[in-house]
Amino acid sequence: MGLKTYEEYIESLRKLKPQHYIRGKKIHPLDDPELRMAADTVGFTYKAAFMDEYKDLFRTRSDLTGEEINVFTHIPKNTDEMYNWCKVMRISTAEAGCILRCVTNDLLRSIYVTTYEMDKKYGTDYHQRFREYLRYYQKEDLYGITGMTDAGGTRALPPGKQPDPDAFVRVVEKRSDGIVIRGAKGPVAIAPCHEIIVVPTRGLREGESDYAVVCAVPADAPGVKIVVRPRAVDPSPPINLKTSASEGMVFLDDVFVPWDRVFMCGEYDFAYRLVDLFTIFHRHTCGAACKRGFYDLLCGALICAAEANGLDPFRVGHIRDKLIDLFALGETSWAHAVAAVYEGYVTEPGVFIPAPIHANLAKLHQTRTVQEAYRILMDVASGMPVSVPTYEDYENPELKSYVEKYLKRNPEMPTEYTLKIIWLIENLLLSPWAARNLILAVHGGGHDQASRVMFLRHVDWDRLKKLALRRANISA
Amino acid sequence: MGLKTYEEYIESLRKLKPQHYIRGKKIHPLDDPELRMAADTVGFTYKAAFMDEYKDLFRTRSDLTGEEINVFTHIPKNTDEMYNWCKVMRISTAEAGCILRCVTNDLLRSIYVTTYEMDKKYGTDYHQRFREYLRYYQKEDLYGITGMTDAGGTRALPPGKQPDPDAFVRVVEKRSDGIVIRGAKGPVAIAPCHEIIVVPTRGLREGESDYAVVCAVPADAPGVKIVVRPRAVDPSPPINLKTSASEGMVFLDDVFVPWDRVFMCGEYDFAYRLVDLFTIFHRHTCGAACKRGFYDLLCGALICAAEANGLDPFRVGHIRDKLIDLFALGETSWAHAVAAVYEGYVTEPGVFIPAPIHANLAKLHQTRTVQEAYRILMDVASGMPVSVPTYEDYENPELKSYVEKYLKRNPEMPTEYTLKIIWLIENLLLSPWAARNLILAVHGGGHDQASRVMFLRHVDWDRLKKLALRRANISA
Amino acid sequence: MGLKTYEEYIESLRKLKPQHYIRGKKIHPLDDPELRMAADTVGFTYKAAFMDEYKDLFRTRSDLTGEEINVFTHIPKNTDEMYNWCKVMRISTAEAGCILRCVTNDLLRSIYVTTYEMDKKYGTDYHQRFREYLRYYQKEDLYGITGMTDAGGTRALPPGKQPDPDAFVRVVEKRSDGIVIRGAKGPVAIAPCHEIIVVPTRGLREGESDYAVVCAVPADAPGVKIVVRPRAVDPSPPINLKTSASEGMVFLDDVFVPWDRVFMCGEYDFAYRLVDLFTIFHRHTCGAACKRGFYDLLCGALICAAEANGLDPFRVGHIRDKLIDLFALGETSWAHAVAAVYEGYVTEPGVFIPAPIHANLAKLHQTRTVQEAYRILMDVASGMPVSVPTYEDYENPELKSYVEKYLKRNPEMPTEYTLKIIWLIENLLLSPWAARNLILAVHGGGHDQASRVMFLRHVDWDRLKKLALRRANISA
Amino acid sequence: MGLKTYEEYIESLRKLKPQHYIRGKKIHPLDDPELRMAADTVGFTYKAAFMDEYKDLFRTRSDLTGEEINVFTHIPKNTDEMYNWCKVMRISTAEAGCILRCVTNDLLRSIYVTTYEMDKKYGTDYHQRFREYLRYYQKEDLYGITGMTDAGGTRALPPGKQPDPDAFVRVVEKRSDGIVIRGAKGPVAIAPCHEIIVVPTRGLREGESDYAVVCAVPADAPGVKIVVRPRAVDPSPPINLKTSASEGMVFLDDVFVPWDRVFMCGEYDFAYRLVDLFTIFHRHTCGAACKRGFYDLLCGALICAAEANGLDPFRVGHIRDKLIDLFALGETSWAHAVAAVYEGYVTEPGVFIPAPIHANLAKLHQTRTVQEAYRILMDVASGMPVSVPTYEDYENPELKSYVEKYLKRNPEMPTEYTLKIIWLIENLLLSPWAARNLILAVHGGGHDQASRVMFLRHVDWDRLKKLALRRANISA
């Protein structure tokens, strides 16, 4: 085992009985068209491991099980594996959209390091326990979602001072066989999944040890309620991008977790370390490598859009400039991704850490550029994506001849070709999925200020100050 | 007459029998929830004329009929009326969203001037004919949509050289009682309407006189087919912004127009003049005045979002800075609106022309800033709009207590208050309406390059060059 | 009287005996080439009042003396006068550079209002006293510099808590015939001048009344020491822009000021009012109107630079785009200038107040765009300004033929023409004057954060919040 | 040999007798204070090879001579050497400013590859000839300047169509012992130097083979005239940054070059290859690695400036944000530098080629950000750099006590410390050197459009287009 096919993945989801809600109704997630599409999006990571073109990148060998496993369940250990991960992310986003499964890989790495360090300090056995769990996760080729952000109550107060003590997920009972947790996580990126990995969302202080809890919960464990925020239903399903990535909330109503699934319980002084590692990993994955794939697609779409309008994107001056500007936005993300790999290092239990400064800068960069990328493509695409007839209009015999006649643009292209290009751009820029992408670019991996604060710790400011003093002829 | 109430406006639409399609189905537009919402959005302009707070701004007296009329059917004649129009636009957008009715007002002004000038050159009687039509339009308090952008064929060729001569709307027959036109218009901003005003979309040359046609067509005239691009259906109707603005295409399949509704027919040398005037008017209306209202709303939403998160927007440094940045984006639009009024002038038949440079700059400014405005609000609003439970979740007894408990943020605010704020922001930033707004900001009133080209003609470059020569000590 | 010619102005300066230092040496300011050039720059305001082209704009009639006076000694009282002032500023900067005299006009207006309001509250007679002084200032057509920014000590403490009580200028003695002040002002924009107007630089609190002092000091009063920061000497005097604007510090070493020149003495609660008015006035003058003139010149220089390189700025796509971008930066300043005039108002003693929001936005806008304007012109100008031979090289017979031959670019232009264009651009972009302009754009009229804070007070945020609540369906 | 000390370098320059002009006068370059400072700036590269801290980075072993040589005469052959070069550049700029010597290293690499490829195609022996020259260059530890940009005549015409055939440097005579060249190069970055390396500035076509000339000319060869554009003389030499980097023009008046110094002569089809390689190398060196060092210094200066004003740069919100923004600008350059190394490759004669896309993006990035970096530091530094008393003022007994008293800011710092910080910033932002830096950031390594065009060739656009087609469900 170690590698599930797409079909096996869907089948394994079907067997679960989670309490899933959408639009106020309880459903099995595979029965909702939007969530099913999200499962298919994650599904690309399963498919790619069996595609001739990609399988070498998407498979690796586990040092825990010795088997071939999916790269999404593997923890990168060196420069080469980290660079391979960047390429995997770039391809996944380009080919399938926001494939969601990356975030939990980032989280597994963080837990791997943190449990090791906790054991070293406190003599606990979390690391061994977690390796056992990871072995299982790899063997079963699981997809877990990341329950990190807490409901959070009022922003001005830490967990220990909230009016409602459950504003952050906490341990409400410790038993001989496990723990009971209560609280809510959200926003959580949600697709039909096997597991929910619960971790703290911020550093904790003395007196907040109940909030220091890391554990893995099956998606259909009793007490778990998953509420998905629907995106609006896309009007033209047959031709859309077939990609979806929902967000929502997970309510944890006194959920029991056995000890072999608990990887932190009370060690509040390690909460910050875990969060810090996760943000480095995820800002690298998401801010740097993933966005490159998305920009690859936007560049391709811009070329197609210009051509569909009968314009050569490489000869019309202002379009060429816009294409290059768009490309540059993406390639800068990639530069940060690669620089983080080249200047990264390996930490004690053998986990590769991409250079934190580049990881954070990648995040800051994309927070501010996804909007600009959209704007550029909108500019070149003309206003048609906002008014293009739908697939259903095109199929309606009363309208088809008009659509054929008047949507004809480049005389060398069939109208259907042009329509598909416009529909693609409508999906990329105007669909509910597009709007969700914009806000994720801002908040995924933490917002702007959260990234900024990281620099205070990771940059050697004193060296820079001394340099200036030397140039000012001040002996320091 | 001259002023319809909102109810009379809806009733008058109900009587029409247009050929309207959406999602491939023929419907009466008031029977489609999305189009009905669009009618209600336009409807604000009717309601405001009867609201105590606004009626002084939204009513004026016609110099054609002597009656009180809605400001949206009136042609501003001086600085005061133009400034009043700016305020009307600002309020309309803030209170109801993109109210659509403005664009045709801009168009009526352009036709008013152009017909006057054509008559002067050619001795035609278009101006008188148009004044008659305008009198009717004012009396009936009509809402016409603007059919300007043509299907357009390949972008590289002018109307007269297209493979399909119908790529631009043209006169296919002149009869004693009127003309027959054929072609397609789109993108067209569409809400249920009384009239369609058809005009050329660009300058024309000798040999293209068939394309020089301006006329008014009833929405349900034989041969007119209106196909609306649906936005995705919003998941939470009971609490949404209740605003909609659809785009789509209008097919004109050999539509007959009697002479008293024809205001240009063959005078190709005036096509550019009409388009130029229209773009000045509409970039002023839309780029300058309207956007200010939208930014007013975004600023208010930012304040509410911060407070809902328990943060004082005027004291937390980075939030305060973002609020001011957001405000500044909007106020710069307004500065251009006002400067265009103060430096505008009155042209011969008594129509006020806002200063073209400011009008165009307002457009360029907002093309590039709406994305940034969204980004700022997204940043402050946190990720919640992407994952907030829906109204239906909130009403579901199995979920309500969880939603109540965990969506509680600022302890001084009821959860429902917080939910409504998040729903508002979801609507503003993530709904299909939001995405449509972004692309309209780029293309409404013409895209970036189109605005740029205007400067070549409207700026006195020679004066600037001579100044530089003088400063370089070169006698010129 | 009321209008000095340029020659009379220079003559009147020559009679003064100020303690002026530059490069560590005491000099009469007219004897230093850089300061003499600064006097000539201010001198444009005197010349323009006698130039046929400009005199109507630069002259007005005093309501104090009934005579014709220079517009730089006049206080604008209504919309027309304020708009005229904007045009005067635009011309002055375009024709002569940073003419310096504007800032004190802004200050005189602030004192005019504040003295009126103090008298109303406290029954003092400052306003009458100040009107007498202003009458004298107008009659003699004086040029006063503005001593506002204090040495300031450590930035973290207010005047009353500084380790050195003289860190802010203060009254150290009150006598029957006048007051004695001590402290230092700087940065002060300095050219050879008649007067120094001393005002507080910030709001003051109880216990800081010694710092609440406004007075007028002759430039050569005993105890006044003026130290000018030289800009580097330009290598090519015969062909440079002939403009200069120095900054420096003014030390006030127990300077006696008679009562008829004292316009505030102890009324600490009016310090903020004065500063607030001044920043509105000066951000309007400098951020909005003046910069427009500078951008006029940059646009002209860009056109000349392209042509000198043999390229048509209106046809080469990327140059045309850059020209329009540059133009747009300037025109946005102007839009704020004009909007501030149109939406301004008249305050009680009859002084026109430009709309504070537009005035502040103009400042924020230019703080961030002057650099961009430079960058655009640099881009188009090519690298030649950095390596162009000097006037002296051109005059050297060993080199002249080479310069003639190899600096020939556009075959239709004499080499000397091309050289002069490059020299102009070198002066505009690379000279010490250019660098000074950049920092003035950031700090003149207060820095970025200072402008931002103004919005907290001048915007009706509550209105915006209520709008959002209404749209969110929350009854407020 | 292979390593000169700083003293030996200066001595070797003193022996040369070049025809050097500045301000219209002929001088030995070491006798002009500005050019002497430039020699000292280049001199850092000699000094660093003997500094304990840096010598390991600045020395390497030649594969031509087997000796230890200065890294500036070495051609990087692999990833490690290329990364080392990046660090060398970062340090050089941070410690000494624009050290000028880098550009010719980039050029030597380009000639190394191009001569190899020419020989392969044409059976010439340029490569061996060049290796001999390079051996000499390494042994003598020479500093050559790069004569690339031609006078250029009118921009609209290629070399072969110019009215004056000498507008681009060309071979006017081929003799048995060598060639004779004529023309002018400029802008050329000039410091006192041993050699001038002459290369074409652009691709050439058939019929332009006279312009295809690469050769090395001693700085004092007969017929060479060097005219330096002086920067303005800095007013405060004793405390300035002691860095200079002049530009100017080199006139080549029928200069004879023996064959062993000729490395291309007529092979016009290789001109583009050489230029392309050079731009990749130099955009990497200058746009990526060098600028990082400059930004290191700016960050340090910002920290010092804030502290000198009594403000903690890590605690005052808006200063902290600005520091991080400034840091991010620099670190993005560095990310491109590092990514170009990691994704680079080795070409046939064993020369390492940094990834062209990252090299070009680094250039585009810094073209647009140096201005912003200046703006940020200006903002934090306050207006003092523009008005700070000079060193001479500080030494003048009549002024010293005032300067001591009133320039005291942070009570924990001596006034002299504060003055030195302000002087540093004045030098960095306002000196003639600063202004030159701005224009070099735009034009060094080619202007914006030149970098853009490179992407057309170096990006696999077809792959991106196919990706979009696949996502649009179009089989391609």
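For clarity, chains are labelled A, B, C and D in written order, and residue numbers in each chain start from 1.
Here is the rule we go by: a residue touches a chain if its C-beta (ideal position, glycine included) is under 8 Å from a C-beta of that chain, and two chains touch if they have at least 3 such contacts.
These numbers were taken from a predicted model, which means no experiment stands behind them.
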Contact tally winner between B-D and B-C is B-C
Greatest centre-to-centre gap (Cα means) from subunit C is with chain A
Between the Cα centroids of subunit B and subunit D the separation in whole angstrom comes to 52
Here the gap between subunit C and subunit D, centre to centre from mean Cα coordinates and rounded to Å, is 37
Taking each chain's centre as the mean of its CA atoms, subunit B sits from subunit C at a distance in Å of 41
Contacts with two or more other chains occur in subunit B at residues 318, 321
Residue positions on subunit B within touch of subunit A in the complex are 21, 23-26, 149, 151-157, 163-164, 166-167, 183-184, 186-188, 225, 227, 229-235, 247-249, 251, 253, 309-311, 318, 367-368, 371-372, 374-375, 378-379, 382-396, 398-399, 402-403, 405-411, 429-432, 434-436, 438-440, 442-444, 447-449
Contacts from subunit D onto subunit B in the complex sit at residues 317-318, 321
Contacts from subunit A onto subunit D in the complex sit at residues 83, 94-95, 239, 241, 296-297, 299-301, 303-304, 314, 320-321, 324, 327-328, 331-332, 334-339, 341-343, 357-358, 361, 364-365, 417, 420-421, 423-424, 452, 455-456, 459, 461, 464-474
